[in-house]
Structure formats: C-alpha cells, structure tokens
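Naming follows writing order (A, B, C and D), and every chain is counted from residue 1.
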Amino acid sequence: MLIIMRLDSSRIDIDRVKTKVKELNCTPHEIPGSSKLAIGITGMMQFLKEEDFQMLPSVSEVLRVTKKFKLVSREMKSDDTVIKFDDSSIGGNVLQIIAGPCSVESYDQTFEIAHELKEMGIQFFRAGAYKPRSSPYSFQGLKEKGLEILADIKSQLGLKIVTEAMNSNSLNSILEVADIIQIGARNMQNYSLLEEVGASMKPIFLKRGMSATVEDLLLSAEYIASQNNFNIILCERGIRTFETSTRNTLDLNSVPVIKQWSHLPVFVDPSHGVGIWDKVSPMALAAIASGADGLMIEVHNHPAKALSDGYQSLTPKRFNKLLKKITLLSSIVDREFLYEK
Amino acid sequence: MLIIMRLDSSRIDIDRVKTKVKELNCTPHEIPGSSKLAIGITGMMQFLKEEDFQMLPSVSEVLRVTKKFKLVSREMKSDDTVIKFDDSSIGGNVLQIIAGPCSVESYDQTFEIAHELKEMGIQFFRAGAYKPRSSPYSFQGLKEKGLEILADIKSQLGLKIVTEAMNSNSLNSILEVADIIQIGARNMQNYSLLEEVGASMKPIFLKRGMSATVEDLLLSAEYIASQNNFNIILCERGIRTFETSTRNTLDLNSVPVIKQWSHLPVFVDPSHGVGIWDKVSPMALAAIASGADGLMIEVHNHPAKALSDGYQSLTPKRFNKLLKKITLLSSIVDREFLYEK
Amino acid sequence: MLIIMRLDSSRIDIDRVKTKVKELNCTPHEIPGSSKLAIGITGMMQFLKEEDFQMLPSVSEVLRVTKKFKLVSREMKSDDTVIKFDDSSIGGNVLQIIAGPCSVESYDQTFEIAHELKEMGIQFFRAGAYKPRSSPYSFQGLKEKGLEILADIKSQLGLKIVTEAMNSNSLNSILEVADIIQIGARNMQNYSLLEEVGASMKPIFLKRGMSATVEDLLLSAEYIASQNNFNIILCERGIRTFETSTRNTLDLNSVPVIKQWSHLPVFVDPSHGVGIWDKVSPMALAAIASGADGLMIEVHNHPAKALSDGYQSLTPKRFNKLLKKITLLSSIVDREFLYEK
Amino acid sequence: MLIIMRLDSSRIDIDRVKTKVKELNCTPHEIPGSSKLAIGITGMMQFLKEEDFQMLPSVSEVLRVTKKFKLVSREMKSDDTVIKFDDSSIGGNVLQIIAGPCSVESYDQTFEIAHELKEMGIQFFRAGAYKPRSSPYSFQGLKEKGLEILADIKSQLGLKIVTEAMNSNSLNSILEVADIIQIGARNMQNYSLLEEVGASMKPIFLKRGMSATVEDLLLSAEYIASQNNFNIILCERGIRTFETSTRNTLDLNSVPVIKQWSHLPVFVDPSHGVGIWDKVSPMALAAIASGADGLMIEVHNHPAKALSDGYQSLTPKRFNKLLKKITLLSSIVDREFLYEK
C-alpha cells in the first residue's frame, strides 16, 4: 500500500501516518528520491483498509500496489532511481560501464588492467576477491589478499570498487573496500545474505539467478529494499535454457520488462551471459539498444592465462572499440555516455 | 566435404569432379555466389577420402566440413549469402524490414495497412492466408480468398509478398503469389514440407522452432539447401523457457552465433518473440544491434480488433517511429538502410 | 459446450439438437463410448447460449467446457476412452506395451525382433519405415520397402503394426499396413497432417512435441478429434530442458495431469525420453507407477549395429526382464497385464 | 585420484600415503564405509602423477577419477553409502520416508501431525522453523520458537528431526535439535553454508536447485564431502521448465543418473515437485519405481489452513493409503520397507 502525502505535509503529519502504520503491525518506508512525498507500507497487509489512512491530515491518496514486490515497483515510485556517488551516478539518463577482470589474480595483473581502464575513462572497477565456484577444487579467489589489492586500486587510482560478498564472515572486510557490493546469481535467493547486505546501506549489485523469473529477481530486491536500502542495481546475466551454443541464454527481454515494472536501474552482463568473448560486443550493444542502464563487462590483459572465465573476457583493445560504438549508440537511446577517448 | 576448384577451371574439369562424387554415391552441389569456385558434397560421406579428389585436374583444395550442417555452413561458403529480388535484396550489408498484419482479415484491412507501409518505403509485405493455430477453433485464415487479396496487393502496390505455407495441398496457389515462402516455427521440423518448398527454388523464410537449438535450425535449413535452393532466410522468433513475463524468450544470442556458423541471412521477429507490443521496439533495436540482417514486424491498423495476435502488433505510427530509430542505428552497425521518410 | 441427452432420447430428438447446432454455425459431435448420451459442440462458440438448447426435447443438461480443448477433455466425457482392436484393446484398466526397433532396417532384422517379441506375448509392433531425422544426411528409413516388410510381419506373425506417417504422399500406403498411425514429436503441430490422419478414422498415436505443454498436446489431439476420430493415444516422450545428463527430460508429471484433464489413454516412451538404454527400465516402471496406460519401448537384437537410436534400445533379454517386473507392478496400480512368460 | 590400499595395510603405510598427498599440496580423505580400503585425493591435481604413489608400500592401485565431482562419485566408492542412526538408517537396500508439515506453525498443529505420523511408523519428521520465502512479506517461520517445538517433538515422541538451515547465525541452535540438516533448493549453491554445515559432521539433506544439473548437485555435495562429511542425502524436488501444468517439473530421470554416478542416497520430494496434492501419490510411487532411496512428503492435518504450501500437502489419511502402496511396491524394487500399519 502506498500513501501519497501532500507536498507541503508537516513532519508531524508524516510521523502520524507512520505511527498509524506501526500500530497496525506493518512497516512504513519513506520512499526516497521521489517527486511525490510518499510512504510505502509493507508487511502482512491483509488487514489494512484504505479508510485507516484516508482521513489522516495531509494524506492526499491511498493506493494498493498490485505486484507481489512493493517497494521496488514502479507503482510505489514512478521516477527512475538514481544512485549517487561522489563524482558520478548510476541510473536515470546516464549510461555506466563496470569493467575489470573476473578475479583479482595478482597485484600486477589487477593494476595493469585497472590502469588501462582508468585511461579509457572507466570509473567502476570490478574484480572478485571471493569467487563462488561450482567445484570446490576450482580457484576460489585470493580472499583477504585480494581485498587488499582492491583497496590499493581504490586509493591509488581512484576507481570505485565493485566486488562480490558470499557470506557474513567476510562481509565486514568487503564493506571497507567496496563501493558497490555484488550478490552473485547463485546467492540471489540467499535471503539472509540479502538482508544483511541490505542493512549495510551500501549500493547492491544484484545478479539474476539462472532460473529466476523477473518477478523472483524483483522479490529478492525487495528483501534489500525492506531494509530501507533503495540503492539497488539489478543485473541480467543469462538464464538456463535448452540452448547450448552459448553458455547461458542472455535474456534481454527482461530489460524492457524490468524498466516497466520497477524504478531500479538494470544492467546487463554479456560476458557471463554468452560466455564467449566474440559474442560479447554484439550483445553489449544489443543490451544498450534494449534499454539497459549500463553494462558489466569482463576485461583481462591476458585472457588465455586468466584463472577464471578467461574465455569470456575482452582484451583492453577490443573493449575500447566497444566503448566507441556505445558512445555512438548512446545518442540513439537518448542517454548520456562520457567515455570519449 | 568441400572441393575448392581453381578459378580458371574448365566446365569439363568441374563436371569431372561432379561425376566422381556421384560415382561414390554422394551428391555434388555447386556453391552459388561464392568468391571461390567450390563444389560441396553431401550424403553418406563416411567412405569418401580426400585422395579421391585431390588428384583430379583443377582441384586446388579438399576440405572436411566439421559441422553437422554442411551446405549452409560458413565452412562451405565464407561470404554472406545475398538473396536478390528485381529491385532489392536481403542479406549482405543491407538491412531489410518485412512488415504487415498477422493475418489477411479482409480486403480493406489488408490494403489499408499495405498502403501505409508502402508510403513508408517498405518493400516486403507479410500477412498470413493460412494460419497454423494451436486450437482448431481459432481463426485459421481466409485461405484461398486471402491469397487473392495478397495477389491484388502485389499487382496494385508492387509490394513483395511473404506468406506462410503449411502443407502440400495449398503450396501451388501460394507459389503463384508469394515472393518469399514462410515456414512457421511449428513446421520447422516438417522435413517433407521443407524438401517440397526447397524444390520450388523460391526464397524461403524459415522460423526457428520453439525448442530448436541453433544447430537444429541450421539442419532444417540444410534440408532446403540439399534441394540446391540456397535462398534461405533464417528467423529467430523466441524460444520456450521458464520465464513467463514475455510470451517467448527472444534469443538474440542466436544472431551472432548464426552469423558465425552460417552464410545465410538471419532475421528477428520481435513481435512473436515478446508477444506484447510495448516491448517490440526496444527488442527490434536490440536485434539490429546484435547483428541481425533484418526484422519481421507485425503492423496492424486496429490492433485491438485484429483476428489474431493483435496484442503484439504495432500501429503504423509507432512502426514509423521505430523505422526512424533503425535508420540512425544502421550506420553504427555499418549497414545500409533505405527508409528515410 | 456439451449437451447431455436423456438416455431414452429418440433419434429424432438427437437429430433435432444436431440440426440446431449447425444452424448456429457450429459442429455437433456425438461422443462415442460414453456412459451418457452426449453431444459435444465445437466451433466459434462465443454466440451460443445455454438457452438455445435447454428447451429442446430430451435435453437433460447443457454444460460449458472450460478448457481450451473440448472433445478430448474429461468434461466432455468422464469415462476413459478404450480403443478396441479385434483381440485386444488400449486404455481403460488394461496395460499395453508397444515394442520394436526404431527403424525397419532389413527383412531379417525386423523378423528376428518381431519373432522374439511375439514369443513374449507382445501384440503391438513398432518400427519406422519413414524416419524424420534432424539431418538430411542421416538414414531416412527404407520407406516403401520398409512398409512391405511390415506388411509381411503383420500377415505372417499377426502382430498389430504401429508406424509413423510424415506426410500426405506416403499416407495411403501407410494406411494399408498400419493398425495405429504414429505422429512424431516434430509433427505434433503439423495441423494439416493431423487433420488428414484424423479423417482416416484409424487409431492415432500422438507424441508430445519437445517444447509442447500438456495443453498444446491436448489441443493437437483436438485437431484429430474434431474429425470425429476419438481413437487417439497420447504419448509422453520427453521435453527439452537445460539438463543434459539424459537426452530429453521425460516428464512423468504429465501422466497424472493428462489423466485428470482428458479421457484419452496416455503412453510413455522412455527410450526416447532418456536416450540411454540403462535408464529405460527404471523409467518404464516409474511411468507405470505414475499411472500410464502403456509403454512404447525400443527393442533391438543388436543395439550396437542399429541404423538409428541403437544406444537407447533394450535387447530382447533385458526387455523380457522388464516385462516380468511390469507384471508384478500392474496389480499395485490395479491394472490388467497379460504377458506372463 | 583414488589410491586403493591392500586390505591388510598397516596404519603406518596408510599415513605414509596421506603425508605424501599433503606434501604435493593436495588433501587426502579416507573413504568411509567402503569395502575397499581407499584414500581419495582432492585439490588442484593437475601436477599429481600416478607414479608418485604406485611405489609406496601397501598401495595396490592408483585410479584417476574422471568426473568433476570426486569424493561423492561411484568411482571413488563403489558401494552405496548408508547413513546410520541409532535405530534406523538411510540408503542401501532400505526405503525411508521423511514426512511432516511444510512449517512448524504452532505447538498443537505440529504435535497433532507428529503423533499421527508416529502412529503410522514414521521415524523421520520434517518441519521448517526457518522458511526461505520468495517474498519478504510471506510467513518466514516461527524461528527459535519453532525449534523449541521441534525439540519437544524429538524428546517426547522420539522422532528424528529434519529441518532447514538458512544461515550461520541460526546454525548452532539448529544443530542442537536437528538429526538431519536440510539445505533448501535456493541455497544449493550457497557454498559458504555448505562448508559450514559440512563441518558439523551431521547428516545433510541437500535439495537440488531449480536450475541445477545433476552435475551441479553433485558438485555442491562435494563441498560438503570435502569437509570429510560423507553423510549426505541428495533430493530431487523439481526443476524449472516451460511446462506450467505442474508447479515444477519433477525430474525423476535424475534418480537413475545419480544412482549410477554417485554412492550417495537419493530421495525425491514430490510435494514440491508437482505442487498439487492430487499428483503427489502417483509421483511418489513413480519415484520409488525409478530407484529412489526414499521420499520426503508434506503431510498436514488441515491443508487448507496451512501457513505455507498447504495446497501440496497430503492429509494423514491419504498419506497412510500411500504408505500401503509403497509397502507393496518395495518388494518389486527389492527394498526393505517397514511401515505395515
């Protein structure tokens, strides 16, 4: 349920509504960044009635939210969520690219790639210190050592760090380094972790699970939002189907569906989505054309030697060519894109 | 197996190779439109040896084709197949759009849409006279009467006609009207029909089945090509997955895969692929960005009154807006696109 | 819509109802083998009203059928359809097994297998003369020559023949030999073929398409039933999913679903469903336990030398062991099963 | 890699092999319960050579394990794993049933169901105290309060408790109550949790993820086994496909595949698998017929009032009828089954 307040509502009137919500055993959420002054209500809402709120001072409208997800829906908040960083932002009319290697492998490898990306104007650097791998015998990341390297990248190059959290134990050290915390596809329905990272109030980059519907993805985002953390970036990265010519089936259809159903920004990860470097650039362009707010792309200086997922990584040179095409494409989809080197 | 002949081979030398192939109980195919002079061999090839051909006059190279599909593979013919019509073409560096209503519903409806499309510069008009429908109680098309209307569209407006063939019985009348024969997704593995339409030597528009892999699609195309008909346009139109937020999962990943594996042009049908008109334009742009050679799009003057699939049809006005965006996009993907109104 | 007539209705009353249906531009079907005297109505029924029929003499009840499929639904006919052959039957409380090689390969191979199966008490023999294959270069069956061998099997051994029809051309010769005409998974939505074989009034063995929902399968069966041919056996044979450890994902869940939604018998083909002989027996037993009315199983005397699908065939010896287990199982599922050797 | 030791090997010889493995930076695992005396080796094995071990005293054979999963594979241990409890066991030639409501809802509800099940001879009781739900606004379980009720069930009725762990925080209290810890489908690839519960040495009931292949499931089991905890029960509970007539597609094909690839017991959960109570019994029987070692079944005294998943629960009466059929079926699949009331 959504309570629309008059724009000139006093703090007292707002708090009166919130108190009323709590009395009815539900939870009020002031919806941030909206053009309207609105209070979302979540919880077991079967007993709430519109009349409970309609007569309160300054209440202009009471709306039912029809989707199963509430706080993340367009019904709750009609304008796009924009996530602000000191000197940049994600969402709205800006395109952003998050790039970097699959894993932190060594100080030299990570710095070499980070340098090249910074040169090209990239602001968000991705690299995994903790790697969830299907087999316990695959490379699992440099862990703490990897986080230290990322901290150096951040302080020396000024890049914003996007890295994955897999569990509570390591979360504190990750929070110190990461500007955006990634939740991988395999943990999309690890609700305990979602609540925990949600409560950190950091921006969360939430990847779609391999068999998650768009509704499932938005319900998982709702777990984060229910902690009053609206800094959520959704990411399409391919679903499981019968087709085997690509590693996964990158489902670009989800992009216009998410843009319609939710106010959250949506990114696409074509590297994992197709799993073969030579299909990454066409699918990256297709993602932007379909309406995505940005891309996450794997870039590696020596793809053939990468400890994980080298086969799907672009070289810096190929990545740069892609950036140039995205620059041209951005104007067609009415987006700002600022990598012009 | 592929025999590359010297460019100055005499007819006698070419025929000698073809005779040798037949002696070995296989079938020789001169590969059309290739920059090299090449003879493809198909059939039960387990007993063929490279040595059988290497010593024949004018033979420059003998190559094994590793894919299960042969004649339609890039290994057989490295340059793109271009299908020529009197005043236009499909494939190569040109983008084409095939547009029109799902079904021929009446003389007036069909002419009204066709007029508008012609005005916009469209050259290929689609509309079904015979409609394969899941239920025997749904509208099955105007059949012969529909073909007559299409014949009038063709003669009066000069549009090229793309219409579906479902069986042998009606094939002769369809051949008289159609410039391109469409084989629908449900008939993609109706091999008898594929051979029959292949033998007609008309261009064939072959839609991917809902559970067909890209390899399956190319093997079905091979049935047509094995009749020495190389005028084949492949079409991605969505596969079946667990996701229900769109009618099908339009699998744009198949576009770069097909372009790599085959020399045939590949189109995308976003109307059937997503099944909801408001997702058609973003996915149409995404299709072009992913490398498609063209689009098939449903356009209807009164979508709400359409006898089939109205929900996924664009109005002429929305379609025209899309054409303008495609015009801008075409230069980014290095394609010629000629609708400039 | 379904008109239930009083059991003592006169022919005149029945015909009066049928005439009324036709006046309203719909089609009446007398539902065979039902305990009630009932007339199903199909066609464009949006304009029919219950009142049109309720007042006619001998009409006891007028029912709406809620499913998209009509004639094949349990709503139309609540008791199981039993298909009668001279000395045996399919459906109802009897279990039946259809067995034989994938293809007719030679006179000797076919007779050797048929002999062994007859010895074990098998009455229905399957073998393909026309084989739909993904690749045009795979063995396509012995065609007319294969039908001749099947005709000999039939006349000399008295086995009933189940064989596949792929197109109109060969249908006439198949009709002469076959007791049951099989429609393969790839042709499940070849509606022209369905109508044609439906009109033959022969029993039809309709395999589920690889991406067909249960509803799609029943709608395809409806195409046959709408020709007033109710002798339809449905067959689950595996669907396409992401899982690759078996050739297809045999979907036994469809068995109880079909039994609830339709009065038609449902068989399971575990050979195609799993694609590996050593999983065939457990899945065959599981199929019977789930409620199937019978099995189609591939049996080959020399699986390693089979021209198609040898890998999934049982040897006669293993098949015989399976028959013994099915005999034991049949009593648990309250079925008659008569192979006791 | 697997080192087979002579059966009369001394402790010194065994330890010498284990030391050698560690020197080579890999991990040795004594394989429990095997008829052979065997040491499995896991880790980054690309540098191991058979010759490193073949000459050590008491080593009889050195084998490569070809599957990606190692400790859980049949190659490592050919005989079935049997998990022992004080007065019962899981795996081997015994069938077991785990039954109970989806969630602990109240003291009375839980005791009422537990009583009835105990009466029928059930030894393993399932009920969730912590419930992972797609929506944060659905009932999430009674948590600590639920565990207390389960502890009472255990002490008063002597039933063994199977309940789900979702995260580290609650794990300690769950370990005090649970005899078997369940890992739900959504956490199947939560590797941190797998390692943590694995280290507890408790039996683990690991459910297959909705888009997990059988190989993925076995790799997740390997995470547990790599903690030297071999007490793992795998559970098929349905995968995601395009079919919507059942909630999930219960993939019984996985049963014979797992039995071939792994020595671990495999259960089937038809309640979640089909999601509708009236399909549970046929699919439960089918599961046993396909070779499953047991079932997990939801039983609720008032399905219509259940706080979660009531629609898929059997009443005690229907469950009892199913037990009787399973008793009959058990002899056909050569299993012991001991519920004879």
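FYI, contacts are C-beta pairs under 8 Å (C-beta built on N, C-alpha and C of every residue); 3 or more make two chains touch, one makes a residue touch a chain.
Keep in mind that this is a model prediction, so the values were computed, not measured.
Centroid distances from subunit D, each centroid being the mean of CA atoms, peak for B.
Of all residue numbers used at the contact between subunit A and subunit D, over half are used by both chains, marking a mostly same-residue interface. Looking at which of B-D and A-B shares more C-beta pairs in contact, the answer is the pair A-B.
The mean-CA centres of subunit A and subunit D are about 34 angstrom from one another, to the nearest whole unit. One finds 50 Å separating the Cα centroids of subunit B and subunit D. Put simply, the C-alpha centre of subunit A and that of subunit B have 38 angstrom between them.
Residue numbers of subunit A whose C-beta contacts span two or more other chains: 211, 239-242, 244.
Note for the complex: subunit C touches subunit A at residues 240-242, 244. For subunit D in complex with subunit C, the residues that touch the partner chain are 211, 213-215, 239, 241-246, 249-257, 260, 273-274, 278-279, 282-283, 285-291, 325, 328-329, 331-333. The part of subunit D that touches subunit A in the complex is made up of residues 42-45, 68-70, 132-137, 166-169, 186-187, 189-193, 209-211, 216, 219-220, 222-223, 226, 239-240.
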